[in-house]
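Next up: some structures, all given as structure tokens.
Here come two complexes built around subunit A, the first alongside subunit B, the second alongside subunit C.
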Partner chain A sequence: MNTISQIALTVVMFGSLFSVLTLSLNLQYARGGMINFGTVAYFATGAYAYAIVTQEPPHGLDQYLVGLDMPWWAGFIAAGLAAMAFAILTGWPTLRLRGEYLALTTFAFAEMLNSLLVNERGIGNGTVGLANVERPDANILGLSENVVYALAAFLLMLATAYAFRRLLASPYGRAVDAIRDDEVAAQAIGKNIARLRFQVFVISSMPIGFAGALYAMITTLVNPELFTAEVTFFVWIALVLGGERTILGAIIGTMALVGFQEAIRAIPFESVRAAEIAASAEDIVTGILFIVILRWQPFSALARRRQAA
Partner chain B sequence: MTRDLLIVDKVRKSFGGLIAVGGDAGLSFSVPEGTFLGLIGPNGAGKSTTFNLISGVLKPTSGAVLLDGRDLSKARASDIASYGLGRTFQTPRAFPSLTVLENVMVGADNQGETLFSVLRGGWRSRETALRDKAGEVLERVGLSDRIDDVVANLSGGELRMLEVARQLVRDPRILLLDEPTAGVDPSLQAKLSRILVDLHSEGRTLVVVEHNLHFLLQIADSIVVLQNGQLLSRGTPSEIKSDEKVIAAYLGADHAA
Partner chain C sequence: MTLLAQYALTGVVTGCFLILATIGFSLTRQVEGFLNIAHAELLGVSAFITWGLNAGAGWPIVPAAIVAIVATAFIGLFIGRVVYDPIRRLGPAVVLISSVGVAYVIAGLMHAIIGTGIRTLDVPLATTFKFFGLRITNYQMIVVGLAALTGISLALFLNRTRTGLAIRAMSTNPELAASRGIDVRQTSRATWLLSSGLAGLAGVMLALIATLSTDIAFHQILQILAVAILAGLGSLYSVIVAGLIVGIAMDVSVFWIPAGYRPLIAFAVVIIALVVRPEGLSMKSSS
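For the complex of A and B:
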């Protein structure tokens, strides 16, 4: 029983956290028409920004150059701003590209960042990463730290969903939809498509940065291995699972994917061999599940029903 | 004499070395304010390309397009639209994820589309007025009973009317229509004809590309004939009807008598 509640807590924590990424991707792709295959880079930027702003200045064997030793909330704000800054840097030269070209370029930017984090030790100790990332004292109301962080992730997800919903329900969202539907026709009614796409790209990066900061707090560790393209693909699969276009669908898809992985990991294994088999079975079953869900799209149907009601 | 609202000045456009519009000297014509100009010519004469050059979808290889004295050569299509130029397309373009009403509302120049306005929520108060205005325009083009419909349910003719409505809601100073009667049934054509005549009598400037000469010669007050991307003739509809060069261009030289 205890295990089940622990799994549930983990699912809420990481499900909510990655839902923030899926929601942002949903805004960029399903509404903005931009394929971002470098999602992990904005997440990593947020996590590293948080770590650098909050950690103590380097000493001993540390190879990183900057540690500002500021409070957690300063790190959290810095994470959102850093992700936006990285979006400005990467979006400005690339957003004129269409479809798959944008996908390749954003992917390349993410790989470049990863390579930079590995090789430029002055940022975050290279492959060693930054351990013991500071985090606020979560002992409030007598709740355990995990519960507090799960709650924080859940609140960040709700805030992101609310903000995006408000944005898309406005005339601004209508213009964004029009541009995605037909750029030439949108230009013919005076919509500045470059400006709107750029804005959507940068805005949607901010919550990803916040999620990065929260991720760093939860794991208390940032290193390049945590921020590989696997994260990007995970979020894309979650988005596809949930069915495109709806906020609820994005959340359901992410929760289901995280839940499935946690459930497999929770199976107690008697031997190393059994665990190895389970690990490869997880990949296979994930693949099968992915195909099954794509065929019948249960989550997107559910999300649509909820929206219609 | 009224002043020229739109001036096409020695415009040439070539695609990969092949001149599509303008020939050697460049295409020049002007549209005085309040004119209803018909732009006609055989297939491949460069009518739609000329529209695309005026509206900024294409950039001229050389020459200039001036809207109310402003040079449009360097302007983006969206800027040209916001300077007061409205246009429709040869193949009607709609926004399929929006309803009919939203398709028109999105056309209005909207202060609510800035991020600042979204943050303050100030767009809500304007939305009602915008909806009313869009409703009026849809009524005018005969789509008022379809406002909540999805675009996919509209016929080809209705899509054209929707495009006209989306431009009218913006109150453009000059409206360019690309083959508005193509694929439109006769009753809707008659309605369109009345709308255009009304718009003209309200003092609006119209430029209409048409294959349907009968339609255009009845309601336009000035006609520009293009052939091979160059100006063949310009005059009133009655002058054009009896112009031998025009008859030859349309029917072949044998018929010109």
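For the complex of A and C:
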């Protein structure tokens, strides 16, 4: 029983955390029409920004150059701003590219960032990463740490969902939708397409940065291994799983995927080889799910039926 | 100076490998109209079939390689027919994302069957030759030779044979090709066989010049993407130029900056190219 509640807590914690990414991606792709295959880069930027801002100045064997030793909330804000700054940096030259070119360029940027984090030890100790990342003391609330962080992730998710919902229900959101549906028509009635797309891209990367900071708090470690293209694919799979265009779908898809992974991880294994095979099986099943869902799109079919009724 | 020339020469070898790896990818992009992320996994499949027959079953390298290439071609055809054909109508973005799923499945299967660790083929050690103070191994020469041979025979195939012309017609304008009586399904099948077979060939080359591990394919897709974008997704001949540019740029860069940045150079080239000239080297619109 205890393990089951433990797993449930983990699912809520990481499910909510990654839901923030899925929601942002949903805004960029389903509403803004931009394929961002470098989601992990903004996540990593947030996590590293948080770690660097809160980390003590380097000493001993540390190779990183900057540690500001500021309180956690400063790091949290810095994480959101850093992700936005990175979005401005990468969005400005690339957003005029279309469809798959944009997908590839954002992917390239994410790989470059990962490579920089590995090679430039001055940023965060290279492959070693920054350990013992500072986090707010959870005991003040009288709850166990995991519960507090699960709650924090859940709140962040709700806040993101609420903000995006408000944004999209506004006239601004309708302009965004108009661009996705018909660029020429939107342009004809005086909407600046390039600027709107750029704004959506930058705005939606801010929650990703916050999620990165929270992730750093939960794991208390940042290193380049945690921020590979697999995170990007994971979020894309979650988005596809939940069916695009709905906020609830994005959240459910992410939760289901995290739950599935945690369930496999919870199975005890006798040997290393068995664990290895299980890890491969996880990949295979994930891949097949991906293909099957895209082929038949059961969830979006369901949503359509509900709308029609 | 010799050192720089040596890096450039190694870059040419890398470039030739990249050409072999990318041509199939670009062919798929042209005819089938989407980016097949799983293409690199086929390189891995071919490399490990070669390894299994050669080091495992004790076959000589040449028949092992031939069987691997043919098998990979048919695996590619099978995946194309079963997975991609039914979802083509949903648009290139959906197919692109599906191919990530395919890559996951292939990678997972390889991992489950072969396991982690580093493998090598059972072939004689490379012999090094020296020309004007520059070193090149016999296996590297094979890569260069095969890349040249493949380029020439592919050009002949696409320009002289019925199937080749049909493939080119399909890639330029599918509707018009169909209305002029080209069998679209058969041409699509031929393309899958050809592009997957080329992936198989590149996989064998990879097995020859590199050490094998199951995550090898993922590192290749990054470079394949780089070459393909630089070439512009609309052209095959510019793949040759782009492959050489990326290969030489990556290896020569080691002369000035740390080797850890070698993969990054490929993307730096690509980003610069995309920002300066969004349609790639070929100057041809590909949408």
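The working rule: the second predicted complex is superposed on the first by the 288 of 309 C-alpha atoms of A that agree within 3 Å, B and C clash if a C-alpha of one lies under 4 Å from a C-alpha of the other, contacts with A are read in each partner's own complex, and residues count from 1 in each chain.
Note that contacts are C-beta pairs under 8 Å (C-beta built on N, C-alpha and C of every residue); 3 or more make two chains touch, one makes a residue touch a chain.
A quick note: this is a predicted structure, and the numbers were derived from the prediction, not measured.
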Fit or clash - subunit C, subunit B, common subunit A: fit
First, second, both or neither for A:G190, with subunit B first and subunit C second: first
Which superposed partner A:S170 touches (first subunit B, second subunit C, both, neither): first
Touching partner for A:A178 - first (subunit B), second (subunit C), both, neither: first
Touched partner set for A:L97, first subunit B, second subunit C, both or neither: second
Contacts of A:Y42 with subunit B and subunit C, given as first, second, both or neither: neither
Contact breadth on subunit A, by residue count: subunit C or subunit B: C
Which of subunit B and subunit C A:F210 touches, first, second, both or neither: neither
Touching partner for A:F76 - first (subunit B), second (subunit C), both, neither: neither
First (subunit B), second (subunit C), both or neither touched by A:Q199: first
Superposed model, angle subtended at subunit A by subunit C and subunit B (C-alpha, nearest 10 degrees): 80
Three-chain overlay, closest Cα atoms of subunit B and subunit C, distance in Å: 13
In the complex, subunit C residues that touch subunit A: 34-35, 83, 86-87, 90, 92-94, 96-98, 100-109, 111-112, 115-116, 218, 222, 225-226, 229, 233, 258, 260-261, 263-264, 267-268, 270-271, 274-275, 278, 287
Residues of subunit B defined as touching subunit A within the complex: 55-57, 76-79, 81-82, 86-87, 89, 93-98, 102, 105-107, 109-110, 112-115, 117-118, 123, 127, 130, 166-167, 170
Of all residues in subunit A, those that touch subunit C in their complex: 35, 93-94, 96-101, 103-105, 107-109, 111-112, 115-116, 118-119, 229, 233, 236-237, 240, 273, 276-277, 279-284, 286-291, 294-295
Residues of subunit A that touch subunit B when the two form their complex: 166-167, 170-172, 174-175, 177-178, 180-182, 184-193, 199, 203
